[in-house]
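Listed below are the structures to be examined.
Presented sequentially are two complexes of chain A, the first with chain B as partner and the second with chain C.
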Partner chain A sequence: MTGPRTPTPFGSLLDTLTRQRGVKAGMVVSESDGIIIDSNMQIGVHGDRVAALAASLYRKARMSATAAGLGTATFFQLEAERGRLCAAGRNDLVVVVVTEAQANVGLIRMELLRAAEGFA
Partner chain B sequence: MADDITRWSDELARDPANLVFLMLGEALRKQNQLGVAHRVAVKGLERHPHHADAHDLLARILVDLGDFDQAFDEWDMTLRLAPGHVGALKGMGFVRFKQGRLPEAEEYLRRASGDATMPDVGASQALRTVRQSGAFVAPVPAPVPVPEEEPATLFARVLTGAGQTALLMDASGLVMAGSYLLADGSDVASEVGAALSGVSDEADRATRHLNLGEWTAILVETEAAVIAMAPAAEDGLLLLAASRATPLGLLKRLLGRCRDTAREWMEGRPS
Partner chain C sequence: MITRVVEGWVEEPLKRFVDDARVVLALMLHPSGQVMAQHGFARAMDVMSACALAAAIHASASELGRQLDGKPFSGIHQAGKDRQLFLAEAETAQGSYIFVTVFDAESSLGLVRLYFEELRAGLASAAPALEESSEPILAEHFESELNRNLAALFGRA
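Our next item is the complex of A and B:
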């Protein structure tokens, strides 16, 4: 994990998320501009890149779901050959997790939804 | 018939537990609106899972869709709920006849034709046909003709739960198969497909930049529904939506089945 960081209200949330097996990075991101607010990442994860792409992806999913008349998106997951990207958000804040392909998504989803509730 | 369908639809909308779905489903089936009929029957069964005639209705629709195995299972359930159900016995005899299993077909139809005091004319005629066929046809499975799949009802066999719907879109976001029906029966597949297809472009970009390999699935939970997407052949996109109550694990399994169905359909289409 990275070194000491400036304390934020999201520190313990990110610690909880990144303690889950298979989680490589957890971060809280601004949905509108894709900038990291706080993060906890393994070495080698390109935080800024993940934040920008995840925020864009989440925003697109949220807006598309609304446009399709399906209501507000509460949880998003992208599965790929070498990993997953999960996100949940509220009020312009998105909590994002990058995991290995074999990570237990059920647990991570519960933590993300709980975290997003806290953004209310 | 169209007036009846409208009236029964209205009654069902007012009272979803109304048994009028049996007549509505049968009327839709006779009009060859098999996808909608299937939905009506499945939805009705969710409210009346122990109603023998509801299982009988679903079985008849499944036969029309060419899914003989599922139809047989539904009629089997009908018989468990209503032993001696003539419609189920005739249906099971028909399925076995189509499958070339003539002794079994004969047994079901013999039971359906009743006794001398109350014979069932239709079953008796079918029984005669089977017996005559048996004199000339060897008891080996006959090839069952695969019905031409209608694009709009392509996923009807796979999706059995209420509120489940699937779309197959091409690379430009145009709907190729499937439907997205609202409660009033209107199909908004094009609108929903157009709205959601852009998510896959973002997914391509994200996986490329994050070195995650090809994306295999996207899941989105919303206030009203759960949505799953997967890449399809020729840069197409498969989209599956279900009610919010559908567990994500089940949604992924359904997505896999829809993907298989879409692949088979694409491979069978003339290029």
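Our next item is the complex of A and C:
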């Protein structure tokens, strides 16, 4: 993608998230389409790929929680060897964050849940 | 559901796409409308109709892209209530092919686009070089070629 970013209502939310130490990428993704609506990413993050797969994972996790009778899932965290992928969503919007292993997950979780509340 | 192909080199990349992207239907065809591979179709007649329509849509969309943007559109996505359609072109050493897929809520446009890029790369690397003696598909041979390919996919002409 080239050229200036088209302003969206999610710009300040993404700026807040990606200002956190250890956050490599933040994106708002359509849960049903897996397409990025807005993003703020460091070079080297494959945004489209992460968005499509993370939205699919989040959707399946949410459906699993519902099927298990656990109610609505809002926050999702995946731990990997070199970092984490966190997501929170509401109303077909998912905010996805890619972090390094040493990032403060508590703070990021709070920001993600606050962001998801804003999608109501 | 069974994936069936006319030429062997198409099978592995197409099967991987279907497994990864969790699509309902997949169809690969020559821009002339000749079927090359299919997944999810039960009847030869449906494949024939889908190929004719896909070839026509591709031709119209390519021309529309040329008129509006100076180059053919690279893909088409149409979202229905329960199912969605994605159509795009894949370039190989054997020439260009049209790829059409239909998916439901088990997949998403993002996943389909992601795995289509892998399919495109897989087809490009799997396709054998075009033999110099290969004959172009002529209009007078179209029906017999189509019937031969449908027979290869469904086991009958």
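In this section, the second predicted complex is superposed on the first by the 116 of 120 C-alpha atoms of A that agree within 3 Å, B and C clash if a C-alpha of one lies under 4 Å from a C-alpha of the other, contacts with A are read in each partner's own complex, and residues count from 1 in each chain.
Going forward, contacts are C-beta pairs under 8 Å (C-beta built on N, C-alpha and C of every residue); 3 or more make two chains touch, one makes a residue touch a chain.
Remember, it's a predicted structure, so these values are computed and weren't measured experimentally.
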| item | value |
| --- | --- |
| Room on chain A for both chain B and chain C (clash or fit) | fit |
| Which superposed partner A:Ala55 touches (first chain B, second chain C, both, neither) | second |
| Residues of chain A touched, compared between chain B and chain C (which is higher) | B |
| Degrees between the directions from chain A toward chain B and toward chain C, using C-alpha centres, nearest 10 | 110 |
| First (chain B), second (chain C), both or neither touched by A:Gln77 | first |
| First, second, both or neither for A:Ile35, with chain B first and chain C second | second |
| Touched partner set for A:Gly11, first chain B, second chain C, both or neither | neither |
| Smallest distance from any CA atom of chain C to any CA atom of chain B, in Å, after fitting | 9 |
| Common interface residues of chain A - those touching chain B in one complex and chain C in the other | 49, 53, 56 |
| List of chain C residues in touch with chain A within their complex | 105, 107-111, 113-114 |
| Residue ranges of chain B in contact with chain A within the complex | 188, 191-192, 195-196, 198-199, 202-203, 205-207, 209-225, 227, 241, 248 |
| Partner chain C, residues of chain A touching it in the complex | 29-30, 32-35, 48-49, 51-53, 55-56, 59 |
| Parts of chain A lying in touch with chain B, wherever the complex brings them together | 46, 49-50, 53-54, 56-57, 60-61, 64-65, 67-83, 85, 98, 109 |
